[in-house]
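Working notes for the structure below.
In this document, chain identifiers A, B, C and D correspond to the written order of the chains, with residue numbering beginning at 1 in each.
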Amino acid sequence: MPEATLEVENLHVFRGERHVLRGVQFALAGGEYLEVRGANGAGKTSLLRALCGLIWPEEGQVRWNSINVRADLRAFHSRLAYLGHEPPLKADLSARENLRYWIGVRRRLRSAELDAALERAGAGSWCERLVRTLSAGQRRRVALAGLALLAVPLWLLDEPATHLDADGQQLVSALIGEQLARGGLVVAAVHQSLPAAAPQLRTLELPA
Amino acid sequence: MNAGTSAAGTLPAAHAAGTAAPAAASAAAASALEAAWLALLRDVQLAFRRRAQLVQPLAFFALVTMLFPLAISPELTQLRAVAPGVLWVAELLASLLALEFLFRDDAHDGTLEQYALSGQSLTWLMFAKTAAHWLLTGVPLALMAPLAALSLGVPVTALPGILLAVIVGSVTLSLIGSIGAALTLGLKRSGALLSLLTVPLSLPVLIFGARATQLAINGAPLLAPLELLAALAVLAVTLAPLAASAAVRISLE
Amino acid sequence: MSWTWFHRLASPPYVYAFAARLTPWFAWPAALCILGGLWGGLVLAPPDYQQGDGFRILYVHAPSAWMSLMVYTTMAIAAAVGLIWRIKVAHAVAASCAPIGASFTFAALVTGALWGEPMWGTYWEWDPRLTSELVLLFLYLGYMGLRAGIEDTQRADRASAVLAVVGVVNVPIIHYSVVWWNSLHQAPSVMRLAKPTMPPSMLVPLLLMLLGFTLYFVAVLLVRLRGEVLGRERTASWIREVVSA
Amino acid sequence: MRAFLDMGGYAAFVWPAYAVTFAVVVLNVVWARRALARARASARRRLSARSEGP
């Protein structure tokens, strides 16, 4: 994976009347992990959504490899994966079908790869069940399997470890570690630090 | 970091490396068409998991056409005179009803967000979704239209023409509807507003469709209105997905 | 190419101050034109040889109908500019247009109906012009309904802008389909008024009214625009000066 | 004057049409001014809220 950088310069974001992000600034290089912390409503989600270009910042810019991402948003999107609060899964499809469609829209996918990723996420035994029958933690695991499958350099994760048991949290840490080892970048909004967080950990505290 | 890997490693390490490591190199991006095809398949498969929702617009269509004989008169000559209007108004209302489901679930569960961030053309994906919607509601409604027409005393010879007109017209209705459904995504209660937005834009379809139906009933050649309906459909195919994708992006902001 | 002039022109403080300064320059000429048009239309113009004095409704109906279309077009252009270049002021213009346009569409409908009764013997005739006007009213209502339904101003701006652009593409299609439909069902309407042979004594007041209403629209738009611009501005210190003044 | 007001027998249609149109003309001015006043008031409120707040 080629060396990649993410730079954020003086980001100001409003949600309605509220000035949520006031001049957020950071730079992240390949292999680095940024934890965004802050109380509820401090703007963690807004930051992630502004980073991936869903929200237009009132001021400031986001640069990927020194180029403003607005110049070619679609190319930037093909390099990133964003996981929101809720895993983007359809309740009426099985875990496996969900990944098949979700990931398949973005990249060609071999069935062996899919099985391996599900297995890795500990979903091997129940991946044919409809998502509506899965627990919140299980759904989260399916989403993590999808994340690994996307194979993109930039991960933007919103509370990746919620609903997960200790084992699952280790899985998150392991996935992040591998992503960093490959030279990828990870930005995660978290309540509390992940266990066994990477040595390349950096933090950003958002004021309430 | 080692601790993490071993704790989560529930399968052979080589396997895991195989999935994740070559990543960027081996992961060929899906083409726009592949992506659109998958988006369409997903919606079709989902719809068949929830068949009850598929039947609702059809039942509604039948219900509305049944109201007219009861409200006007059971006399077939009278019904035949109003049949084009009845059919198209029922068609318009039934397709409106079905629109509610077009994006709502996808907006709730984050699917739309993932589409918008997929690096694929959102316009194509919206087109695929609308195509799926048309296949699942527009086509069945169109197939029901000849039956409803029969019940209104329309001669059998008129049915092929009616079927053709409704099929072509429903393409435009679905596409216009996709714009309205996408625009009202950010709203808590959208029912009446959705109609207010889409019905005025659908008037040309109603006019040409009803005319084609009238001509079919009279046994006259109906090429002229059919051509106009087809022109509308072409225009809608080229422009509506653009507007719908813009609206979806706005709803995600 | 330098865009600085453009951005200066579109910057909220500039627009606010400029709009305030410009308003009287449109308002007074508008009043003069309208008064002149009224005098000419009600007093100087001779009665129509067919419609007698009834034709004088023309002098309010035609400007209202003109406003309804002109305002919608302005709104759609402003919306498109706002959508493409992300200019807040353009969205503010579009948002200011809607209530003005809707009210004049309403006026065009009512005056059209009042004209219809003596001419056709019925208040409502499914004549293509009135029908299109009615559809236009629904387009305006949809636009305003969508704006009202979305709480966040920026999202409301952009969503309604998409609707306005879609609408303006559709307006001619709707109009021609209505004309086509109408031609199937009845003879051409009696209401053929914009006759090129209209004598100057009738035509000049009409042109004065059209000009007056257009100027009036700009004046009202400028007042509304200031409010909309102010509501969209969140940080700037210039608000303090404006508000305390 | 009487003849003018009578409008050749069309008074019942001409004058209401003018009345409606000019009601719309006047109301638009009133609404616009009121909208501006409201925007100013709310801007003032927001300013004071901000200066008191953190």
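Just so we're on the same page, a contact is a pair of C-beta atoms (placed from the backbone, for glycine too) under 8 Å apart; a residue touches a chain by one contact, two chains touch by 3 or more.
Predicted model, so just to flag it, every value in this text is computed and none were measured.
Averaging the CA coordinates per chain and comparing them to the mean over all protein CA atoms picks out B as nearest. Chain centres here are Cα averages; for chain A and chain C they lie 48 Å apart. Rounded to a whole number, the gap between the C-alpha centres of chain C and chain D is 15 angstrom. Centre-to-centre separation of chain B and chain D, using mean CA positions: 42 Å. Averaged C-alpha coordinates put the centre of chain A at 52 Å from the centre of chain D. Contacts with at least two other chains are made by residues 152, 154 of chain C.
Within chain A, residues 17, 56 each touch two or more of the remaining chains. Chain contacts: chain D has no residue touching two or more partner chains. Inter-chain contacts occur between A-B, A-C, B-C, C-D. Interface residues of chain A, counted against chain B in their complex, comprise 1-2, 52-56, 74-80, 82, 84, 86-93, 97, 101-102, 104-108, 113, 116-117, 119-120, 122, 124, 148-153, 167, 170-171, 173-175, 177-178, 181-182, 195-196, 198-199. For chain C in complex with chain B, the residues that touch the partner chain are 83, 135, 138-139, 141-142, 145-146, 149-150, 152, 154-155, 158-159, 162-163, 165-167, 169-170, 173-174, 177-178, 180-181, 184. Those residues of chain B that touch chain A in the complex are listed here as 1, 3-5, 7-11, 15-16, 18-24, 26-30, 34-35, 38-39, 41-42, 45-46, 49-50, 105, 109-111, 113-121, 125, 252-253.
Residues of chain B touching chain C in their complex: 179, 183-184, 186-187, 190, 193, 196-197, 199-201, 203-204, 207-208, 211, 228, 232, 235, 239, 243, 246-247, 250-251, 253. Touching chain C in their complex are the following residues of chain A: 14-17, 19, 56, 58.
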